[in-house]
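Both of the next two complexes hold chain A, though its partner changes from chain B to chain C.
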Partner chain A sequence: MSVSTTHLVKKSRLQSVSIWLDRDARLGPLMIAPAAILLIVLIGYPFLSGIYLGFTDRIIARSDTGHFIWFKNYLDLLKDNIFQKTVSNTFNYAFTAVFFKLVLGMLMALVLDQVTVLKNLFRGVLLLPWIIPTSLSALGWLWMFQPQFSVLNRLLLDSGIIQDKIIWLGSPFWAMFSVQLVNIWRGIPFFGISLLAGMQTIPQDLYEAASIDGANSWRRFWSVTVPLLMPVTIVVTLFSIVQTIADFQVVYVLTRGGPVNSTHLFATLTYQTAILGSELGKGAAISLFMFPVLVLAVTLQLRYLQRQD
Partner chain B sequence: MEPIDRSLTKRLQQGKLSRREFIVAAFAAGATMSGIATALASCAPAPTPAPAATSAASSAAAKPAFPAGSKLAMKLRAAFMPQGNEVLATLIKEWGKKNGVEVAVDIVSMNDLQTIAATAVETGAGPDIIEINQGTAHLYAEKLVDVSSVCNDLAGRFGGYYAAAEEACKVNGKWMSVPRFFAPHAINYRTDLFKKAGFETPPKTYDDLLAVGKALIDAKLPPIGFPVSHAVGDGNDWNYALLWSFGGSDVAKDGKTVAIDSDQTRAALAYMQKLFALMPKDVLAWDDSSNNTAMLAGAISATNNAATIYGAARNQNTQFKTTDASGKEVSAALHTVVGHFPYPTGPAGRVTYGEFMSSAILGYSKNVDAAKALLTYLNEPTQMNPWVAPNLSFVFPPLKAFKDDPLMPWNTNLNLASFKDYADTCHLPGYPSTNFSKGTAAYAKWIVVDMFASVCSGTSIDAAIAQAKTQLTGIYGG
Partner chain C sequence: MHASATRSQTFGALNARRSRLVRRTLRGLGVYGGLAFFLVIMLFPFYFMLITSFKPDVEIYDISQFPLIVKAPTFGQYQHLFEKTHFLLWLKNSAVVATASTIISLTLGTLAAYALARLKFRGRQSLGLSVYITYLVPTSLLFLPLASVIRQIGLFDNPVALMITYPTFLVPFCTWLLMGYFKAIPRELEECAMVDGCTRFHAFRAIVLPIMLPGLVSAGLFAFTLSWNEFLYALTLTQSYEVKTLPVGIVSQLVLGDVYFWGSLMAAAVLGSAPIAILYAFFLEYYVKGMTAGAVKG
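Moving on to the complex of A and B:
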């Protein structure tokens, strides 16, 4: 008797819960809650406190600092020529690298699309640069850039391409070239595999129809592949711009922003200013300078995705 | 890995040898730390240390002085020679056992230490003791424990501290961090190649160094190479010493006036341009290990460094190719031709940069007394000597009494004699003022090193000084 009563009570409770939940306005937020809580705790809070810090003169371990100074950090930074240099470095780094990642990634996708023998092996191997932890692969590159004994200069000298050793990380031009090279090397597979996935959703009969109409392979690429691949390309490119502008590891391992600040990016300058130099407020301001650009990129990306839907 | 000499162990067991003498002797014979630790453990109870080494603090620490279950977490800088780290870990473990304190020791790289320290003081959580570099004690003073009692006790017993140690750790008259060690620098050079270039005795002045550099190039021998780059230790060391020895400095004695725009700075920069013309161009990209690698590989003839190139060559028995008397090509042990000489003197004499570490106790620590006792213990000769010996000259104690201690590497190994007077001429960024807090801030931004690097990569001397001046004004004036 008592057992069945509890059973009944339980059942009715369960029912009432399910009735309560049977409305989108209630169930929806509940389902989103875990992700939202994680985002608020792990991203939202640090982000907001970062914005606040950027408006203060906070210095590590100094209780006489932390005053609200409005936009002073930002105005000071605009006048600071190392910061100006960092801005141009970051855009040079990001746009050059993303351009080459896109072009070479597209090539990789086109080639992989044709490969039928050992398909998975090739795909797996070509993904490696993207899978290996960046700090680890950057260390490998650091050794290869060693100008006196290492493989890059040896190869170039022996094959007669260069006459003098290139001091890869020692001059502003080559240092920027080197960090870009590593970023491109690492980023190509991401483009390649994403674009390949996009290519494989293009219906084969469109290519057949184009062939019957007399289109050669170049024309088929340009008039069928490119337009149909555009949504994937735009999303991947914008995503990569965000990632590349915020890059830290490659530069930190290879040059630490040197020589003479010629490879500092927002993130490495932030680290040097806030952690090594103790100026938390100013460091936060540096890292937030890139925020508008990133917001723009993300907005474009989201708007494009919505239009696709 | 040779087993420890039986007779040594026996003498230790009979109490004829103090533990300190045993460890030093066993190391000299090539034993590993784990071997030594096993031998020491087998000889319990420990014989009393030599009377000279007994101190009030260490005898007080003989009975557990701390509540059971006390814990300490400590982050230390990895010394270059791995044996040194092992000794340290063993010594700390021994102390913990004796005093009933559970000590978690973490030996990490210099770069990690800086990040950990910044995070610890900012968040109020982390290790109890952390090793900090240079004048960091000035930056974090507010969050550190006043350790004047420890420092005054040690200074009183062991001859006082060197000026640079005081510059680094004494904030407004209080010791805020316990001086731990200098990473002493000298010029490491290839005695054979210098001879070939016509120099029997090492250069004394910066101009002499230039002459050697030129002679090496003319004789088609490997050039000299000094880092003009963001190498935390070696880069700062070389460039600050050059600036100071030419009489230049970033700040005036008052600690407020930016003094970088001077004839002395111009002379130092002009000298650097001449020196750079004689060096491999990648010195602009060197990190702290690049000059070691280059010298071990025979690619350069001299660089500034601790004695770690000699140490690594000896440890690994690195070979190099040379010719014997009859002109036949033979290989020989590299460490036999790696010598050392003190930094050159400039127009203002010899003023060097102290690459320096100290041990700070964080303000949030719950076991400050235990932390203080441990730091006292570690800096006493009984513990200092077995740690310094295997480190060759990578570590140089900041207490003056150690300089003449017969067990110190520069007194036992002729090749390391140049390190003996190292600490006499050292200073910290901020010198010649006492504004070491701002000096450390300028150091953290690489202002001096970047100034030298930019005149090497084509910027004019005036433009480089102007750039440094703007940055320094932001620091010292702000």
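Moving on to the complex of A and C:
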């Protein structure tokens, strides 16, 4: 009998706790707390400590935390040739790649929108470059660019498109071309499938109305598809700009930033400076140069989303 | 005169029909030509990786042989991978890390998404906004100070470091995706249950979660894929080969100095991608939903 009484007491205590919790103002913060704590400890805190780190001359191997040197890292970097090269590389890389991803992705979406045979199969396989681990597909590209056995050279030579071998990753121009090519290849499906999803939310009668008014398909694309697709396009493009500027894997696997620093991006230079070169403070300062881009992209996105509402 | 008018009308109609046919054919050619173009460009690298992985070394390094075919296919490269490298160990590490971080992220993400989508409490709006912003923060902005934090708490070179850091980009993603699903479920469902004496949390668990299953599958698959593919954190937070994940193990350990064993490297790349490709083949619709949720709903 005593056993069943304690059982009852326990149960009612549990009940009273759950009743106490049954208020939005209590349950809400409690449900969000685990996620919030994780993000504060592993994003918020590292971010702030990264800002602090950027103001110090800390070296990894040394046990002390380094000296506070104000903006010296930033001033040094602005005068540094390799860093200047990295800035121009990053913007060249990102804007060229995002431009082609957008144009070719739009083309892919338009094509897929018209395909009626084995629709899902084609959509599925065309998304593969985006879903497969980038480091591993980049390894496949590294093999296709290999100086002696490059299959790309072989096919281009055999078909008479080029007369001499291209040294894909060996010269600054072709190395940049190659890493951009791989980034574009990987990113087209993301644009393609997102834009396709956006296209399919456009009501069909708008196209019919435009046809009745005598618009040909080119005209219908520019006056119906493009304006109605604008919100998706902007969100996807801004997202891709941030991701491309912050890219690491493609360059790390293909060139490690070379030859002669011609393909270094912020992330790979950060890695080389801080992890391989032990200059932790300087490395942190390099990666923080990405922050203004992020802020700009987030602000634009939020402003655009608010206007949509 | 009457007769000629009729004739020209017939001609006109015929011409119109013919030109419509021509237009439709051209359009079909354009569409399927474009499709063929994209299929070749997007899939060629995978084809070449696959074909290389089945070649013996003599064929891989024979310049006279046409590279797109294999004459004597062999599993030798795969055998080398299993017997002479730590491939299986890395495969296991990747599976453990991806599963653990997916479970953590789904749990935290579901709780947070429900609170943000359904409950009224102070600070809800700004919390929702911060989740969206953290969703956009790239890992390469944070990996350096994060590595210091991980060293400070003594988890460097420990798989647990990856299990707790991957959720930093997965939780915002899951939360954002699941909020959309929660908002699509009519409030009345829970309210009825609550009128019948359920607490809010019980209604959430017993009524809302089962309806949410497609959303959970979508978020879970995506979280698993993103963890499986993650590279930078795994590269910087682990050091010894025993704890490396598959992508980092392959890229950093299978290359010995400047010597590349292309055959087994390609075999490793194929096998390392296979789990994701298989998952993907079975759940394609969920993937497309997950991927476009941010863009289209946003």
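FYI, the second predicted complex is superposed on the first by the 274 of 309 C-alpha atoms of A that agree within 3 Å, B and C clash if a C-alpha of one lies under 4 Å from a C-alpha of the other, contacts with A are read in each partner's own complex, and residues count from 1 in each chain.
Keep this in mind: a residue touches a chain if its C-beta (ideal position, glycine included) is under 8 Å from a C-beta of that chain, and two chains touch if they have at least 3 such contacts.
In this text the structure is predicted, and so the values were computed from the model without any measurement.
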item	value
Chain B versus chain C as contact partner of A:Q146, first or second or both or neither	both
Partner chain in contact with A:S278 - chain B first, chain C second, else both or neither	first
Most chain A residues touched (candidates chain B, chain C)	C
Which superposed partner A:N81 touches (first chain B, second chain C, both, neither)	first
First (chain B), second (chain C), both or neither touched by A:Q114	second
First, second, both or neither for A:A97, with chain B first and chain C second	neither
Chain B versus chain C as contact partner of A:I167, first or second or both or neither	first
Which of chain B and chain C A:G28 touches, first, second, both or neither	second
Chain B versus chain C as contact partner of A:G257, first or second or both or neither	first
Which of chain B and chain C A:L181 touches, first, second, both or neither	neither
Chain A residues contacted in one complex by chain B, in the other by chain C	146, 148-149, 275, 280
Partner chain C, residues of chain A touching it in the complex	18-19, 21-22, 24-29, 31-32, 34-36, 38-39, 41-43, 45-47, 49-50, 53, 107-108, 110-112, 114-115, 120, 122-129, 131-137, 139-141, 143-144, 146, 148-149, 151, 154, 185, 188-190, 192-194, 197-198, 201, 232, 235-236, 239, 242-243, 245-249, 252-253, 266-267, 270-271, 274-275, 280, 283-284, 287-288, 290-291, 294, 297-298, 301-302, 305
Chain B residues touching chain A - in the complex, by the definition given at the top	114-115, 118, 121-122, 139-143, 229-230, 280-285, 287, 290, 293-294, 297, 299, 441, 444-446, 450, 453-454, 457, 459, 467, 470-471, 474
Chain A to chain B touching residues, read off their complex	60-63, 76, 80-82, 146-149, 167-172, 175, 255-261, 272-273, 275-278, 280
Residue ranges of chain C in contact with chain A within the complex	27, 31-32, 34-35, 38-39, 41-43, 45-46, 48-49, 52, 60-61, 63, 67-68, 107-109, 111-112, 114-116, 119-124, 127, 129-134, 136-146, 148-149, 164-165, 167-168, 171-172, 175, 199-202, 225, 228-229, 231-232, 235-236, 246-248, 250-251, 260, 262, 265-266, 268-269, 272-273, 276-277, 280-281, 284, 287-288, 291-292, 294-296, 298
